[in-house]
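Take a look at the following structure, please.
In this document, chain identifiers A, B, C and D correspond to the written order of the chains, with residue numbering beginning at 1 in each.
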Amino acid sequence: MNDPDNPDKRSRWLKDSVTPDLVQFHREKKVLYTGDTKYQHAEIVDTYSFGLCLVLDGKIQSGEFDEFIYHESLVHPAMFSHGNPETIFIAGGGEGATLREVYRHKSVKKAVMVDIDQDVIELCRRYLPTFHRNSFDDPRTELHFTDARKYIADTKEKFDVIIIDIVDPLEAGPAVMLYTREYYQMLKDRMNPEGIMVIQSGSCGWTNLHVFTCIVNTLKTVFSNVKPYQVYVPSFVDMWGFTCASDMLDPSRLSKKAVTDAVSHRLNSKLKSYDGVSHKSMFTLSKPLRRKLAVTRKIITDADPVFI
Amino acid sequence: MNDPDNPDKRSRWLKDSVTPDLVQFHREKKVLYTGDTKYQHAEIVDTYSFGLCLVLDGKIQSGEFDEFIYHESLVHPAMFSHGNPETIFIAGGGEGATLREVYRHKSVKKAVMVDIDQDVIELCRRYLPTFHRNSFDDPRTELHFTDARKYIADTKEKFDVIIIDIVDPLEAGPAVMLYTREYYQMLKDRMNPEGIMVIQSGSCGWTNLHVFTCIVNTLKTVFSNVKPYQVYVPSFVDMWGFTCASDMLDPSRLSKKAVTDAVSHRLNSKLKSYDGVSHKSMFTLSKPLRRKLAVTRKIITDADPVFI
Amino acid sequence: MNDPDNPDKRSRWLKDSVTPDLVQFHREKKVLYTGDTKYQHAEIVDTYSFGLCLVLDGKIQSGEFDEFIYHESLVHPAMFSHGNPETIFIAGGGEGATLREVYRHKSVKKAVMVDIDQDVIELCRRYLPTFHRNSFDDPRTELHFTDARKYIADTKEKFDVIIIDIVDPLEAGPAVMLYTREYYQMLKDRMNPEGIMVIQSGSCGWTNLHVFTCIVNTLKTVFSNVKPYQVYVPSFVDMWGFTCASDMLDPSRLSKKAVTDAVSHRLNSKLKSYDGVSHKSMFTLSKPLRRKLAVTRKIITDADPVFI
Amino acid sequence: MNDPDNPDKRSRWLKDSVTPDLVQFHREKKVLYTGDTKYQHAEIVDTYSFGLCLVLDGKIQSGEFDEFIYHESLVHPAMFSHGNPETIFIAGGGEGATLREVYRHKSVKKAVMVDIDQDVIELCRRYLPTFHRNSFDDPRTELHFTDARKYIADTKEKFDVIIIDIVDPLEAGPAVMLYTREYYQMLKDRMNPEGIMVIQSGSCGWTNLHVFTCIVNTLKTVFSNVKPYQVYVPSFVDMWGFTCASDMLDPSRLSKKAVTDAVSHRLNSKLKSYDGVSHKSMFTLSKPLRRKLAVTRKIITDADPVFI
């Protein structure tokens, strides 16, 4: 009578509203945590599809089985574009996996990470050890629990690489003021001249293309080289977009061979997704995406922000 | 940004397939346990709709908020029909709530409970204290972990009241051979002459009416007085059926006043659902149900069992 | 390869949010209509569970397989309490099934029906012939498409039986002002002295008990005899409540035999659900419901309405 | 009260079980057709996410909003690899969109299309005009309703380009024998020496990678040049795989410029997704996919087929 192979006997599901018209249900294996932080509702759920997931306000943020695609794609193009990245600023990135990827680079001497929600970081620290691999405890880590815009306004430090790994700009959400031209200008002021910035820029396949193209267009009013790129992240149910911005560096010009060489010399551990071939592929955008970028005119400002 | 009132931020759901064409999702509060026993997949899930639920093989067995309706309705009509119930036999009833209701009767001297799945009882003992109220530890309780049919075949004991509180007869499931004329005859042989038996008989509203009417019809081939009755149990999404069977006793003849008097004198604690008015109402069947009972001819036997 | 018995190949579902924490999915057979009326979103959907359903703003209003329970229970207790109902007023009742039940009574000479949404009635007329059985075309029918409160304020007519069959009082919905003491007083003024009124009063099992008990309590401030009753309607996933109100008549006093006699003499066709036994059972309320009614104090007024 | 923007008032959903552990619900706009063909359950459903969809046995086959990505990616790499494709064989492709893409090439003189299910083609012809654009009625089209393997076994014709656009090899489904080495050898025998074949090869992201790598490996035992490629198709919730196979031609060697030139000279209409940049990107596989292809050893044969 015991039929562990019958999925209908496993009846708990995690619902993810991808859009108001498309809803996904992931079968749950185990719920490790559920509760409210000061800022959001947080859950750690083990799913059959994507393993352990961090879920904030009902949205899957990262899944154990494919987070490596997202985090390697976020971190390495910018890091390898820089000749010798020593000082790194990370906004967001609560799982600790962005920090983990940063520390694969032997050159790194200091990483300042700012996340508003300490409770989320404590949760990830406890329940998601394969995500952070103890990066929070690395002596080079400086962790601040505050608003990332306020931190940047107050600090006098400058960084080689700036990584913006925050949640999407939901209406009335905390991240709206972290997607404006004014904030990008503030970040640029805290970046060394030969530095580079990378921003997770939301979905770029079909669900919310608008935000992505506005981010790219806005960055172009602040930086000389703005290079959007994308990768497929299964648990996000869409192609995912990122944008590199710099005055001096251009990651799209890195050759396949240059990346392959850098990967083999500059890291202290192996990657699963990123390599020279992937690098070139990520900066090759689809035809509809190229067309949409070409016609976007909107500039995001504090006075005229953008929402999902 | 923290909006605990927005249910969309609570994204975990318990799925219950009422029929292949009607599926319910209950929002989950907390999962207390999930695992496989030797016989089935078992979960203890806290839901917003019905509180703590015992879920076996993906089906809700009992919900904290309305289990009192089911268990009071199962136990008391038979118990009050008997003048002085001292020895009780319970088949199934893993949550311990049937036992709890039995012990409300001051007359009870011994209760033998037989459930095949020890793991389920251990789970309920640990996670569902308001269901069993420590009835398992009552010195009058004799607990056996074996097949209820085998137990009845082997024992020499006789009982005043027999309560059959087992899962529905699913095809290829463990309970099929506990719903046949042969088994009912075996039970009758272990019942004192002035005894009475009650059987949870499945849904009797619209979802699986067939099993209910077959049980009633089969019992009529074994006992002189067979009295079906029903009550609405919200978490079962249907009217729920029970059947009393006896040669001497007829619960449908108990007057409202007789029940009211018995409730106030023979119990050691208060009831929430059952009283004289409810008793009369439960034995008043709907017109479609009376019509269906009148035309059912099928008799369930070992050679020709019935399934859901 | 063709397996019509595999329900997984029938993939379209109708979602019904019973509460924010309990959602039902009904497998769809066919969608006959979907569109917006001036007042609401309307759909006619054929489901495997309940046959053809009228769905307004995402809520199932009536299902083909069990609408007879609802409509017989709504209409006949009041009609049979009256000795000779000739003039009938119906507010709402767009499917035409309330009108159909009214016309089973040979005594009826005139039925005035007022529904605000003409499009819904046209839909039901076209797609739900077994619901209305052409009652709209009966020469005794007088149909008005306007607000039922406005109609009652303007008319000078008086009626023997008044049947209120409108949607639940959703916040900001059109029905809120049709559930107040002031409106009940207006209705009473248009009722003959020996008349009786019945009001569909929403769920009375567990999902929204509050509205039901408030309606009963409010009616008690306007009428001498107020008698709540209930019946189980499967497609509503709950016990359903109704309330009769009158100064002269008391349906709860009708004996089983009186109802049986009236059913066989006063109707022109057969009923499926209602009879003398059902009548007595409907007016027997559950213990938790009796308790809740006893403690409700709220009176619904224009200045202090009630919502679901 | 009329709020057409509230999605909760649109309550009909199309369920798509991506895997047993991941289920998607698409909000329905309209159901245009539902019924059984001789081979499968077929539906034409208009969804808010992807427009008009062909649904076979509960699985979305194509969505109006993104079918162009799938069909352009399937057809053009093989067609442009051939210098002058005149005779084309298509297995499957019931929507007619594969045929539509074929006819964009001015060189085409004849297209033989074989699909087992005539009813599906009649449905698509009627309900999906933007998919087929009347290609079925093109005088160059030769349509056969029979098993594609039987047709290939019986014909004596030879073709320049062979396009296999059939459903995935579900266990006990009709397509299993169309994914074996023996069938690929039969197809090769019906291909001109400088011909090329392309096979839709299922998902290649994460859901069913196994089938994709087995197809590639099997084709390598029959053809000298086997080139897998992939593209993201949103409505398939995954990266989608294709494989070109030929003895003489190698699409992966086409330069971006060669594709750009061919697109502008050899077609009679514009494309939305495919161009020189996309061509190069499609043949650039992800690192995990390259790794998996490198270690796959299984060869699919009639005696040892593969299933999803």
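We take it that contacts are C-beta pairs under 8 Å (C-beta built on N, C-alpha and C of every residue); 3 or more make two chains touch, one makes a residue touch a chain.
Keep in mind the model is a prediction, meaning the values are calculated, not measured.
By the document's definition of touch, subunit A and subunit D have no common neighbour. Taking each chain's centre as the mean of its C-alpha atoms, subunit B lies 54 Å from subunit D.
Distance between subunit C and subunit D, defined via averaged C-alpha coordinates, is recorded as 53 Å. If each chain is reduced to the centroid of its CA atoms, subunit B and subunit C end up 33 Å from each other.
Contact with two or more other chains is made by residues 13, 25 of subunit A.
Because contacts link each chain to exactly two others and close back on themselves, their graph is best described as a ring. Per the contact rule defined earlier, chains pair up in contact as A-B, A-D, B-C, C-D.
Listing the residues of subunit C that touch subunit B in their complex gives 7, 13, 19-27, 47-49, 65-66, 205-207, 232, 234, 237-239, 271-275, 277-278, 280-281, 284-288, 290. Taken in their complex, subunit A has these residues touching subunit B: 1-2, 4, 8-17, 25, 28-31, 34, 36-41, 43, 45, 55, 57-58, 172-174.
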